[in-house]
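Both of the next two complexes hold chain A, though its partner changes from chain B to chain C.
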Partner chain A sequence: LSRIGDELYLEPTESGLSLRAVNSSRSGFASFLFAPLFFQLYEPGGAGPEAELFRCKVHMKSFLGIFRSLPSLEKSVGKCLILLKPHASRLVLQLHCKHGVTKTHNLAFQECERLQAVFDTQSCASHLCAPARVLAEAVVHFPLTLAEVTLGAGPGGKISLRNYVEDEAEPSKTMVTELWLAEDEFQSVAVAPGSHITFCLKEFRGLLSFAEASNLPLTIHFDEPGRPVIFTLDDTVLEVHLVLATLSDLDSNSRAPSTNGVSHLPAPADDFADDLESYMAAMETSEGGSERAPSPTFSLHARRPAQSTPEEEEAEEEEEEEGAVPGTPPHKKFRSLFFGSVMTPGRPGLAPTQEVLAEDSEGE
Partner chain B sequence: MRFRAKIVDLACLNHFSRIINTIARLAKTCILRLTVCKLYFILSDKVANGGASMWCELSQGNFFNEFQMEGVAAEHNEIYLELVPENLSRALKTSQSAKAVKIKLTNKHCPCLRVAVELPSLSSSSRIVTHDIPVGVIPRRMWNDFREPSVPDFDVSIYLPVLKTMKSVVERMKNLSNFIVIEANLSGEMNLKIETDLVSVTTHFKDLGNPPWASEDGCQSSAQGRDLESMAEACIDIKKLQQLLAGQQVNPTKVLCNIVRKRIVHFILLHEEVSLQYFIPAIA
Partner chain C sequence: MPFSAQPPASGERYALSASLDNARHLSSLLRAVHFQDYATCLATASGLRVTVEDAKCIQANAFIQAEIFQEFSVREESVMFRISLSVLLDCLTIFGTSSLPGTSTALRMCYHGYGYPLMLFLEEGGVVTVCKINTQEPDELLDFDFCSTKVVNKIILQSEGLREAFAELDMTSEVLQITMSPDKPYFRLSTFGNAGSAHLDYPRDSDLMEAFHCNQTQTNRYKISLLKPSTKALALSCKVSIRTDAQGFLSLQYMIRNEDGQICFVEYYCCPDENITDAEL
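Coming up: the complex of A and B.
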């Protein structure tokens, strides 16, 4: 969760304790739901059946600091108590250790509204399930600094992973790495042929290492480019969701020779064009790079992401962060793209009311 | 102009990867020269490289199971490519358990070296990872820029001490100074010196041995007439020396150092199947 956001949201529910995080650009959301059975004791609280359960958020670093060294925790800690009283000013974490030692941590918290991304795995056209190990072995071929990766369904039922090269980067200078996985490496494959999505690899790696450590199979639900990708892990006592925004495919028409989002690199074959004679002859003339219409980039840093973000219900408290709604996008194109995907006419399975977080003041 | 090669043997692959890693530490961009029998990694002594230059030569037969090269023309049966060795290093890094690695020169959107790694998998078909490394094709008219450098007319030639020892000494010296003086004589003695306002440090090595160099005309080498004790020294950028020493991933069979007083230091690292020469100019 710390790979996603700087704040940890704790939401006790009747079905368990949910820990959640969202990233600053609102393009990534994760939740871990621990069932009551996970705990030795679970009392979500609430004065009565109608009372709202108390929610809060704390600084991720403060919370993580308590669990800093897992090996020594495993050796010395017998029990961990998490206690939140509605009128208390602190979230209490108590570690009951060996030799009668009790370490009590009092964390400052903020009350908050429910953090919930709206997503629906059922409405996704494509689903993949694989052991975490397979995906971890796939992802190891990409450098740790790589921001985005494209997952695609290729010919022959193969699934590909390719590093995403931003349009600003010179195509003649950037190394492109592509990995192909056979269908039988997956536990299940149900994908729309030729489909592909591009998402943030860094945030995915966080979930992947958790999945590997817990030896759980990972399911990927995705749809068209621009619609969020949902990663899920399931266990008897734990339900994990990671929702990431994906790059929308504005420039699919200008990307020769592919259209309709079909991946433009063929399945691995031995015979590909290596005709350098003509290249050598033409070397004096300027190289024609592939002309592409400028497309909004998927950037989690300075720029606004230009893809549809999971809709959220946010409280006023969230506005002090980088905006509960995308603030002032640098280009009009980004803004219209965001609202364009929000206004997409209803598809089967889509929630009937899409909450628009900010009205378009220019009436586009 | 075509190039295809294949490595199937894991030991060869690991060895080749280590060589590429060493090259990647020494040069951000370099030239790969392909001939029928050999591969060369060349860094020419441009100002951009800080004046250092490199010449690394390996016989393809020691690494590749298959190697097919057709140069730009029949009478110039060679290919010169400019590339970023770090890309090649990364492509090979995760191929440690590969069944086969194929390298091919292609031109889809731009000239690339396509490295295709076939990895074992639990499924019926192997996993294939391809890395398209962009390269620049060097036209024949520029090939003269990349000729093999000649061995300089050195004042002293000496074998280096154990590289690991020398590396740890130089690493500590690097924290204190930007420049290091290498001096050596023909009696097998070498000193590494740094001097700043606050501190000067000298490390002495002895009994290193001096390589015998046959002179061209068969007479006694001019070194005989010289004082065997007198030191020839050159002051060089310590970072370049440290990069050279730190980049060595395999212990070379022999390492020679030729010093031209106040001009240049020439290192020759010899392994069984590869030789690497590195020139570091002296700072005035």
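Coming up: the complex of A and C.
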């Protein structure tokens, strides 16, 4: 979660403790839901059934500082008690260590609105499921500094991974790495032929290391370029979601890979840089809390629509949250935002069509 | 006077003369008190004491008793001088700090007297290095007047229990608060940093606790930046004794066992922090 955002959102619910993070550009969201069974004791509400479950956020660094050294934690800590004390304004983490030693950390927290991304794995056209190890071995070929990677469905059911090269880069000076994974490396493949998406690799790596360490298969749900990609991990006591924005193709025809198996680089959005500029302008002008159209993807208050397990997935046990389906279907194209994009002085941008994935709590 | 590379045969001409087969017995102890450039050395018949002070609030002493040395002679009742501890340590470790088993640096130390430099002769594997370090007028040292009769609370802990705690102290906190009490929480270390407060509790019946003699509940705060260097001494030691007196002065005594199993001591004395604001306990 620390790879995504600087703040850790804690939300105890009836179905478990949810830890969430969102990145500063609202283009990445992750949540870890620990079922009550994960804990020795789980009591979400203190004051009684009528009391609203309390949510808070803390600085990621402060929280991580408590769990600094994993090897020594494993050796010396017996159990960890987490208490949320709204009246004292403190999140208490108490580690019971060997030799009878107790470490108590009282963290200051901030109250916050519910952080919830709106996404629907069911509505995605393509789904892939692979052991984390397969994907980890694949991404190891890309440099750690690589920002974006393109995942594509090629001929013969093969899946490709390629580093995303920006338009401005000189062809003679850029190195392109592409690798193909056979269908049988995956536990399940159900992809729209010729589909591809480009997303932030850095944010994905965080989830991948977690998946590898916990030995869980990773499922990727994606759709058209521009619609978010959803990575999920499932376990009996843990449910993980990582939702990342993807680069949208402004060219309505994305080039299909040629028949001999070699695909061309997909044309990056020509005015991607302009989108960033107009988005930044829109951000600045709307700072005063002016009205914004409801976001089609990430919305702070609308709850996640009820999902059913897609039949392609294996043994998935999703714990659903009840919620109304958000009203208006998106009429505005979703844009992604990536750090490090070069801003070119441009022709006047298009009408701001960017959507934020998660609105500021203050804006409401 | 021609400069001779040969160490003198007899030490009688010297105010202080000592030989040590393994210089690490000295250098590791000195490192445990090396939080300032300068130190005051006091040599008496019982051995060598190296003192480092800071801010008139903290004092650290490293004791290397005469029995540790292969040869140790002091001409007068006591010999005292001020010297750069940084330079002294650099010289003692001139052959490198990594300790390969079986190799050690042999040391011979000579001090002619007031106004003369401290001479070090270091030998390892047939290679000899001669160092001459200037000495200075010793400063007056703080006297914490800390004696066992004035001790209010005392505990002795196995160092392994504290090592990690000290290494991970929240340095964004200005103070380290120490609570010692015959009742709960018995022994508590607290910090108040940017993230919030943190408390480390050691119960009196913990198997890390070798001795627990607390008569009164005391809570004192000390500047964390002054105490942080004591982590080095803690890392070397096997046991630590923590004592406070009625004024809240703190005494930390570390028992250190060297490579040959000999025991040496390092102690830290610290004044309580005067700027006390309301504590979050």
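Heads up, the rule we're going with is that the second predicted complex is superposed on the first by the 246 of 364 C-alpha atoms of A that agree within 3 Å, B and C clash if a C-alpha of one lies under 4 Å from a C-alpha of the other, contacts with A are read in each partner's own complex, and residues count from 1 in each chain.
We take it that contacts are C-beta pairs under 8 Å (C-beta built on N, C-alpha and C of every residue); 3 or more make two chains touch, one makes a residue touch a chain.
All figures in this text were calculated on a predicted structure; none of them were measured in a lab.
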Check the residue A:Arg114 against both partner chains and state whether it touches chain B (first), chain C (second), both, or neither.
-> neither
Between chain B and chain C, which makes contact with more of the residues in chain A?
-> B
Where does A:Ser172 make contact in the superposed view: on chain B (first), on chain C (second), on both, or on neither?
-> first
Answer with first, second, both or neither: which of chain B and chain C does A:Lys202 touch in the superposed model?
-> neither
Check the residue A:His96 against both partner chains and state whether it touches chain B (first), chain C (second), both, or neither.
-> neither
Where does A:Ser76 make contact in the superposed view: on chain B (first), on chain C (second), on both, or on neither?
-> second
If you stack the two complexes on chain A, which partner ends up touching A:Trp180: first (chain B), second (chain C), both, or neither?
-> first
Chain B to chain A touching residues, read off their complex = 1-2, 72, 84, 87, 90-91, 94, 104-111, 114, 116, 121-125, 127-134, 137, 139
Mind pulling up the chain A residues that touch chain B in the complex?
-> 137-138, 140-141, 143, 171-182, 184-185, 268, 272-277, 279-280, 283, 287, 289-290
Partner chain C, residues of chain A touching it in the complex | 59, 61-62, 65-66, 68-69, 72, 76, 90-91, 99-108
Given the complex with chain A, which residues does chain C contribute to the contact?
-> 161, 164-165, 168, 170, 194-203, 205-208, 280
